[in-house]
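Two complexes, one shared chain (chain A), two partners (chain B, chain C).
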Partner chain A sequence: MAWQILASGWDLMDREIFFRAGLAIIGSAMLIAIFAPFLTAYAPDEFCGMPLSEPSSDHLLGTNDLGQDIFSRLIYGTRATLIIGFLGALIGVATGTLIGTVAGYYGGRTDEVISRFMDVMMTIPAFPLLLVLSVLLSPGIYVISLLMGLLGGSHSGRVIRSQVLSIAETNHILGSRALGLSDAYIMARHILPNIMPLITVKYVFSAQAFMLMGVGLGFLGIGDVSVIDWGQMINHAYSSGAFALGMWWWIGPPGLAVTVLSIGLAMIGFGLEERLNPRLSHRNVEATA
Partner chain B sequence: MSDGLRIRGLEVTFMNGQEKVRAVNSVDLCIHSGEKLGLIGETGCGKTILGMAIMRLLNPDTLIRGQITCNGTSITSISEEEMRQMRGREIAMIIQQSLTSLNPVITVGRQIAEAVELHQGLSGREARAEVIRLLSEVGIPDPEIRLDCYPHEFSGGMNERVMIAMALAGNPSFLIADEPTTGLDTTVKNRIISLLKDISHERSMLFITHDLAAAAEICDRIAVMYCGEIVECATTEDIFRAPLHPYTQGLLASMPQRGLRPIRGTGPSLAAVPPGCRFCNRCRESRDCCTTEHPELREKRKGHYVRCFLYD
Partner chain C sequence: MKSLRNNYFFKRITYCLLVFVISMSITFAVLHLMPGNYIQSLLPYLADINPEFSELFKAKFGLDRPIIEQYLMYLSNILQGNWGYSFQYGAPVLDVITEKLVWTLIIILPATILSVLAGIAIGAYSGWKNGSNTDICLLNTMVFVGAVPSYWWAIMAILVFSYSLGLFPLGGFVSLDALFSGINPIDVLHHALLPILVLTLSSIPGTYYFMRNSMLMTLGEGYILTARAKGVQERDILRHHALKNAMLPMITIVSLQCAHMITGSIFIETIFSWPGMGLLTFDALSARDLPLLEGIFLMDTLVVIAANFVADILYGVADPRVRVGSHG
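Let's look at the complex of A and B:
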């Protein structure tokens, strides 16, 4: 019965608050990424102080073993992390929407082929494959995003396919076909608007997953070495003995930043889900209880 | 230019799970240019499937055999793209259930405009003017205001009119109207019928319905369909004055004006059709041969076809 108590307490909390808090978090992260040069006193790669200095008014989070300002690196690292998450999700959801819509709309053979393809793609563990590809190709951040998106696209593809499958069966889609409208037109103008809410939610959750994946790759030391990202910061701090030296201001902030961004995205997704699925609304729960 | 629609030996079969459903069986029909043919039958007898087969809107894994030609073009053998070009322009279909047949999130005007832009190549203000013209043609008052409404703001009769307007946008020579009067109350129904009469003045039409009275109003000839096949086909006058098939007689007797006597029993499933006459389990006149042999559609009188052993 513990879950019931939990659930009833849950109803009292408005998902709307989560949605706004999430938006605030992601919004500020974006502003930080864009205005990074104005927020920091030092360039992220500049050797600007004594190595391994503690936090001070000159260096808010101290310096690393090369004498670079950790705060600057953290601020600039927002860029790579956001780019990987959002670009990866954009490519992933775009791929998923394309193949999911085609499969769901045409049905039959086409659906069979695409669905089997998506099944195969989903059995491929994306992260290990990405590891191997990164080691072999040592790709840049954009190529990593592209690979992640293509590998992860099947997840959204499957969900979108099942939604399109039911929309394609509706009478008004049949009516559009009876008028002689082309398939491409019907998919773009009649089906896409109907699945847009689903796409939005999928996008937010994919962005979260891809962001964490990007940080994970960095942490393992196989990201794009030319950019600063939080995963690489953690990796660098870890291998340079930040743990052993008890330098929490070096290893802690990037980890915390990833967590906050991830929670922010989860909150947006969570809030959106309620808006788009009325059954999740607590007002309805009360009404039907 | 137009010699109407000819259907020869049409068979439509599809799989429903493991069941093989023979929805349309060796149907031969001919609708001459300018003629209005009524297709009558109870729910589930394959009327709509026949209409959809003509439009080639059935699921791609549906098995279709036989020939359909429309104004000399063989619908059954042209490519999908050529078929798409014909839809709306040569043949248009007013599909069932106008309430769900319009996209709920797009305004009525926009939906008609789509058809206008596609078929007439108009855009912007010209397209809007054409939409207004179409709306007033189908009898919607204040079309300038109404075109910005959403389908849910319209009544059932008005949505039906919108569907008709969309079908007219491509100025097709052949119309298929699938149960356009179903679910409407009597006064609205009568207005839709007179609208259909007006717009089909210069056109051929296949009028699919289970409403005999509506068919009598509009159609020149009537084909009665039972369990996937045509059991009787004759002029409207002959059907009403001297119906031959026991099923047609039963249908007429079940009309409110003629005593509201229903036909006993229910028809066989399209997935398991009996070998003999498909109506024999409900027929008052059935004989021994009816359960074992399948009757052919024969011309009993001139232009009056019937599928029954009573007249052999």
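Let's look at the complex of A and C:
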């Protein structure tokens, strides 16, 4: 059976390889973003060829309707996409860690107020709100990242809170309190290191979600028009009729690129999660069942 | 017992109201932060030529009153169904939205039901067969399916099924025949099928992960071990002990999925030119029609609140422990 051979092949390869492949994908994307000028023959905004030409040795992925080199735009577009994903996730997870730790550590009324606040934030549909705010502010990519981070922070905040809640009850935290250490010190030096693995996993998955969201904003035509991003490339190709013309090299590459990056982040995330929570691993199945 | 239960419902309703009031406050703030004033953006030339008219307009619409009074007026207007006027359509926002809401529900409802059923079934199977080749195969497939953005699935689906194979229309909701013969439900279904399938596909992984995790957690419980020790048939353990308990948390997850669905449908409807709220959102974005967007946001909030509320009630019915306990 092809199905079984495939499955056993996957098992042999092990999740570890997926994790490393994910790191390799994201690592090379970062290198591409940094060294974009050395990898491309044309500036991304340069009108350098015949409009709508097919892929050739001059233009690896052809040109768009304005005669811009699609390959250059794809390479430069890596920057905005990565910035939105990673910066948005940084702000989101930092916000979540801050409010989650405070809620979990102090407990009682503080916890009650913060938890209710997070509940409300999670009920309000974030993406439509993000659209409203984007139209109002017409933000650049940094403001978009900030908005996404603040709106999405509650998701990680809730998970981190419940983790801190159980850590705050452990003996070494109670001991540190008895020694009279300040709350800020305990949170920074004793609680934070304990939730770091969880924060890392949350960070990777948030980066994936925010990256897709950022490209989605561009696709809906409300991204930052001063930068080149893959969402706007898809939008432009889509609305200019790349479909009807059958020009897969125009609409395909940016979508494929964001898909590959997203899969890379997912592989890193699941690899990390499995190390963190052995109960999810298929290897320990006999131990738990 | 009875008063406790009433108290629980009362709390939930208060919570729902609170969420809606906060959403309304956000839209109110956004309207007031909008650059320029309302009359300026509505009738730009008139306001410049005739300042008195501008004053009259302000008085007429209460824009000269204190902000608190305006805020209260805004809240009561919204609650009475007066959601403002769309710049682009020149019609009441609520009318424009409710017309489109039906079309969105036509694809969102089947997609939700299908993806939840499939996600629970595959997730439960995968968790039960934990560690087997099938489980790993399913998990990897789901990681892949979930990592591909929904708009990319939609574009690929059109490319393959509509463009190359010609099995489905390229977009829209009825064929041109509808002009002569009226709207034919089967024709609409034919147009709706691909969007529904794509939305379902991109929503399955979310439900799948949660169900698989929930199954794994349940299988680690003491009562499963007890049942095994007693010599209960594996099939009965699955049916009576594992499945029922693992499915409980899914009720809450499903309501969370609802917000995800709305977001997904914005992309899917835009790509398939399906005339629902998602495409309306896209149009409103292109025209920078802020009042309409705010109305859409409020409607989305209402849909999510309703889903949450139903989930809460179902949870109370399904799990008696929640009903009287102090629910968070």
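Going forward, the second predicted complex is superposed on the first by the 271 of 289 C-alpha atoms of A that agree within 3 Å, B and C clash if a C-alpha of one lies under 4 Å from a C-alpha of the other, contacts with A are read in each partner's own complex, and residues count from 1 in each chain.
By our rule, a contact is a pair of C-beta atoms (placed from the backbone, for glycine too) under 8 Å apart; a residue touches a chain by one contact, two chains touch by 3 or more.
Note that the coordinates shown come from a computational prediction; the quantities given were computed from them, not determined experimentally.
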{"item": "When chain B and chain C are modelled together on chain A, clash or fit", "value": "fit"}
{"item": "Partner chain in contact with A:219 - chain B first, chain C second, else both or neither", "value": "second"}
{"item": "First (chain B), second (chain C), both or neither touched by A:179", "value": "first"}
{"item": "Which of chain B and chain C A:208 touches, first, second, both or neither", "value": "second"}
{"item": "Residue contacts with chain A in the superposition, chain B compared against chain C", "value": "C"}
{"item": "Which of chain B and chain C A:262 touches, first, second, both or neither", "value": "second"}
{"item": "Touched partner set for A:193, first chain B, second chain C, both or neither", "value": "first"}
{"item": "Smallest separation of CA atoms, chain C relative to chain B, angstrom", "value": "9"}
{"item": "Chain B and chain C footprints on chain A, overlapping residues", "value": "none"}
{"item": "Touching residues (chain side chain C, partner chain A) in the complex", "value": "15, 18-19, 22-23, 26-27, 30, 33-34, 130-137, 140, 143-144, 146-149, 151-152, 155, 158-159, 163, 170, 213, 216-217, 219-220, 224, 256, 259, 262-263, 266-267, 270-271, 281-282, 285-286, 288, 290, 293-294, 296-297, 300-301, 304-305, 308, 328"}
{"item": "Interfacial residue positions of chain A with respect to chain B in the complex", "value": "106-109, 170-172, 174-182, 185, 189-190, 193-194"}
{"item": "Residue ranges of chain A touching chain C (in the complex, touch as defined)", "value": "3-4, 6-8, 10-11, 18, 115, 119-120, 122-129, 131-133, 135-136, 208, 212, 215-216, 219-222, 234, 238, 243, 246, 248, 251, 255, 258-259, 262-263, 265-267, 270, 279-280, 282-283, 285, 288-289"}
{"item": "Chain B residues touching chain A - in the complex, by the definition given at the top", "value": "55, 57, 59-61, 84-89, 92-93, 95-97, 100-106, 114-115, 118-119, 163, 166-167, 169-170"}
